[in-house]
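Below you'll find the structure, written out as structure tokens, and then a few comments.
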Amino acid sequence: MPAPTAKTFRKRRGVIPGFGLTLGYTILYLSLVVLVPLSALFLKTAAAPWAHAWETIASPRVLASFRLSLAASLAAAAINAFFGLGVAWMLVRYSFPGKRVIDAVVDLPFALPTAVSGIALTTVYAPGGWIGRWLEPLGIKAAFSPLGVTIALVFIGLPFVVRTLQPALEDLDPEVEEAAASLGAGRWQTFRCVILPAILPALLTGFALAFARALGEYGSVVFIAGNMPMKTEIVPLLILVKLEQYDYAGATAIASAMLVLSFLLLFLINAVQWWSARRHAAEG
Amino acid sequence: MGGTAKSRLRGRRVAAGLAAKGDPTWVKWLITCASLCFLLLFLGVPLVAVFTEALRKGLGAYLESFQNRDALSAIRLTLLVAAVAVPLNLVFGLAASWAIAKFEFRGKSLLVTLIDLPFAVSPVISGLIFVLLFGLQGWFGPWLAGRGIQIIFAVPGVVLATVFVTFPFVARELIPLMQEQGTEEEEAALVLGASGWQTFWRVTLPNVKWGLLYGVILCNARAMGEFGAVSVVSGHLRGQTNTMPLYVEILYNEYNFVAAFAVASLLAMLALLTLVLKALVEWRTQGESEEAFTPPTAAAAEAER
Amino acid sequence: MSIEVRNVSKSFGDFLALDGVSLHVPDGELVALLGPSGSGKTTLLRIIAGLEAFDLADDGAILFDGQDVARQAVGRRRVGFVFQHYALFRHMTVFENIAFGLRVRPKPSRPTKAEINARVRELLRLIQLETLERRYPWQLSGGQRQRVALARALAIQPKVLLLDEPFGALDAKVRQGLRRWLRRLHDEIHVTSLFVTHDQEEALEVADRIVVMNQGRIEQVGTPNEVFHQPASAFVMDFLGNVNLFHGRVEAGRAVFGSMVIEPPGGLQIDGESARLLIRPHDLEIQPDGEGRSGLRGHVTRVQLAGPIVKIELAGENNQPIYVEMSHERYRQHPCTVGEKVFVTPRDSRLFVEDYTI
């Protein structure tokens, strides 16, 4: 039979209806709500004089805020990676009364409005507060200091680490650990050489997610930070400060710099996930 | 059937016991204590503090905090914002997950990434972009001002910013769920003569109802609690553009701690309710997926012959 | 209702799943689409149902009783389709699943509640699951799900019944029972049925007619008897049961396979062509000595006596394995032991020289 030419063919679609409608609506709504507003930010930045943008970002106050935001976010993400692993390990491996409640409470930072967590953390860690009063005699100033910023960022980043690690820990094949044990590996060796490499992608992803969230966080930080220029101002706060001074170009410049940073992180997270998925596929 | 389920459960418990046995008791205690202390310091104490501070001057003072116009209008606005944002993003979530899960097309993974975009944007920036669009110095600002329409420092701006930050929640829950369920049931319904709408309402929607509810709960929690984005666009006009989180901020900055924590306690209760609902939904869906994997029961096998 | 498929093609990207397929299924028959995975059989079935987009040549068509349905929407074709994994609606009971097709009819043609009830009850009786109508799919065994899927398809009184690997997901024992049940059911209701399978035994046992497919084309259409005993190609013969395959060459009008020479009546006019000889294990005979006849030499490597027939493995020339099957009765007449040198002669064989079949 001669191969029929393309002209003689009639193409027919699959049977499930609504493709055009739903995809069209999805793209339209996405564009209106997300893409157009976001692109406004970049177009505004591009349109503004570069000198002014650079001047804004390079000013000591803004640079100090970037330093604080990056350092506090990194510290908080690291603390979360460490304790988050402990919490996830406990929730997956051990059984104890009240485990379900603890498991649910881990999501509290997701669910609690950031303003509420902000004032609550401030009250607790302020000099006279429940925890602050124990830290004061030790010479530790928790609230209204970079440490306070870090505490708030630990609070909001925790679920990211725990929730990415939990499935990874659940997926671990107990046989692999048993094999390691049967080959004479100690518990610590098994953890270091067998378990840790397996959950490393999840740990990295959790770390990066917590870091990304911490960079942009505003509500839970502004109360506890004290917002002293050059000392405890975070980047999102400076955007607001510039806006209140009607310095739209300055706000836009800072926002663009931050957005680029977030997108880089997003890209990194996707890369880690792609890498681990590939590794997984190669193993499976 | 009860027998099978029970023995499966027992099997799991034994496996967990074995795995736990891997850690020496002192390690177990150390990890558990450290983790619980950490959770207590960072989550437990602040949560309790909200309620204690709110009730510091007694129930009377607590209740009085809600007895003024500004508090009531903040509550009303918060409910209104959620009532607009949640349905909008719900419809979008359904449309997006239908298109993405039931069809193959180029650029699909890009689309999924774009849907997640608002999560990667700082709340403050989420507010800023709407100022840049609709503010007096923004693209559409002068045009809108000429027609007497105000968006920034008004309710529409608050709604827009909230829609943006809660944009991905429902879609994100539904997409993986629908992808996992495939298209066979829809095809079966269509072969049996159902129309597209009938298929959607009678087959697809009931199958994803728990995931949908989950997404709506999360979306609602964020819509009612959003602070950063809203504080950029609201202008903090008392009794007009203050949502509950913004009102909390104002009261707190005025050193009116009891009232601030009283309003905050409402939001905290909403958060706790969200967590409970979430746990319920998770428990429900877990139960269902377990049911799906239950092997044919002895009775069923009997009837087979 | 008869089904006719005329010149239908389908490609997924570069992969040609169906290559100009034409097929006629007479009214009331139970027909099997048999082939290995990737042969296009499921694609063809889905295209007939209207579930798959396809490429239709100008002279192409899909006809139900002479009426073109190629442009008809899937829901209006009135086909009963049984999915490989059943695709039961997981949130509906058995009863609701079966009633679905009736309940979604547009108002004017929708049966009354009582009629729907009666119809569903009748189908439940037919599939022998009257007591399980309130169960959910996850509470059923694989075989029960299969029968519910069938009842659901039958509820809309389909003009044709299409089944995709109907027994594929079941274990061997349940399969056996369901196969016979399906055959009986078909004899009872006589709706034109087409089912896809990769299991030749299933096709041979259940179907009135078998369509053997390979690489997007139809290799042969025939009764089970025809496709088994007169395979149209080496592929069909190989696919329908075990065969011994020998490679040889045509020399002086005869096909030569080592010491075995096949002389077709009338001879072969194509010297030098390569030839393939296919012999079923039960068509080989073992003798202690060749006595000058055409055949193969070999020694016995394994004798399996357990089972309804005796299975013997030989190593032939160049150590090529040869499989022979015979009845216990016959084995007792000519017993052989491992290591024994024997001579094998074909009682029946099929010779394929390039495109010619003899």
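The first chain written gets the first letter, and so on, giving A, B and C; residue counts start at 1 in each chain.
Simple rule for what comes next: a contact is a pair of C-beta atoms (placed from the backbone, for glycine too) under 8 Å apart; a residue touches a chain by one contact, two chains touch by 3 or more.
Because the structure is a prediction, the values reported are computed rather than measured.
**Q** Determine which two chains are connected by the greatest number of contacting C-beta pairs.
**A** Looking across every pairing, the one with the most contacts is A-B.
**Q** Can you figure out the chain closest to the middle, judged by Cα centres?
**A** Centroid comparison flags B as closest.
**Q** Distance-wise, how many Å sit between the C-alpha centres of subunit A and subunit C, to the nearest whole number?
**A** 55
**Q** Approximately how many whole Å separate the CA-defined centres of subunit B and subunit C?
**A** 51
**Q** Counting only Cα atoms for the centres, state how far subunit A is from subunit B in Å.
**A** Centre-to-centre distance between subunit A and subunit B: 16 Å.
**Q** Check each residue of subunit C and list the ones that touch at least two other chains.
**A** Residues 50-51, 74 of subunit C touch two or more partner chains.
**Q** What are the residue numbers in subunit B that touch two or more other chains?
**A** Answer for subunit B, listing residues that touch two or more other chains: 187, 190.
**Q** For subunit A, give me the residues that contact two or more of the other chains.
**A** Counting only residues that touch two or more other chains, subunit A contributes 14-15.
**Q** Can you name the residues of subunit C that touch subunit A in the complex?
**A** 7, 9, 19-20, 50-58, 73-74
**Q** Contact residues on subunit B for subunit C in the complex?
**A** For subunit B paired with subunit C, touching residues are 1, 184-185, 187-195, 198, 202-203, 206-207, 291-292, 294, 296-297, 300-301, 303-305.
**Q** Please name which positions on subunit B make contact with subunit A in the complex.
**A** Where subunit B meets subunit A, its residues are 13, 15-16, 18-20, 22-24, 27-28, 31-32, 34-36, 38-39, 41-47, 49-50, 53, 92, 95-96, 98-100, 102-103, 105, 111, 113-115, 117-118, 120-125, 128-133, 135, 137-139, 163-164, 167, 183, 186-187, 190, 196, 199-200, 218, 221, 224-228, 231-232, 244-246, 248-249, 252, 257, 260-261, 264, 267-268, 270-272, 274-276, 278-279.
**Q** Once bound in the complex, which stretches of subunit A touch subunit B?
**A** Result: residues 14-19, 21-23, 25-27, 29-30, 33-38, 40-41, 44, 83, 86-87, 89-90, 93-96, 100, 102-121, 123-124, 129-131, 151, 154-155, 158, 174, 177, 181, 187, 190, 212, 215-219, 223, 235-237, 239-240, 243, 248, 251-252, 255, 258-259, 262-263, 265-266, 270 of subunit A touch subunit B.
**Q** Residue numbers of subunit A touching subunit C in their complex, please.
**A** Residues 1, 4, 8-15 of subunit A touch subunit C in their complex.
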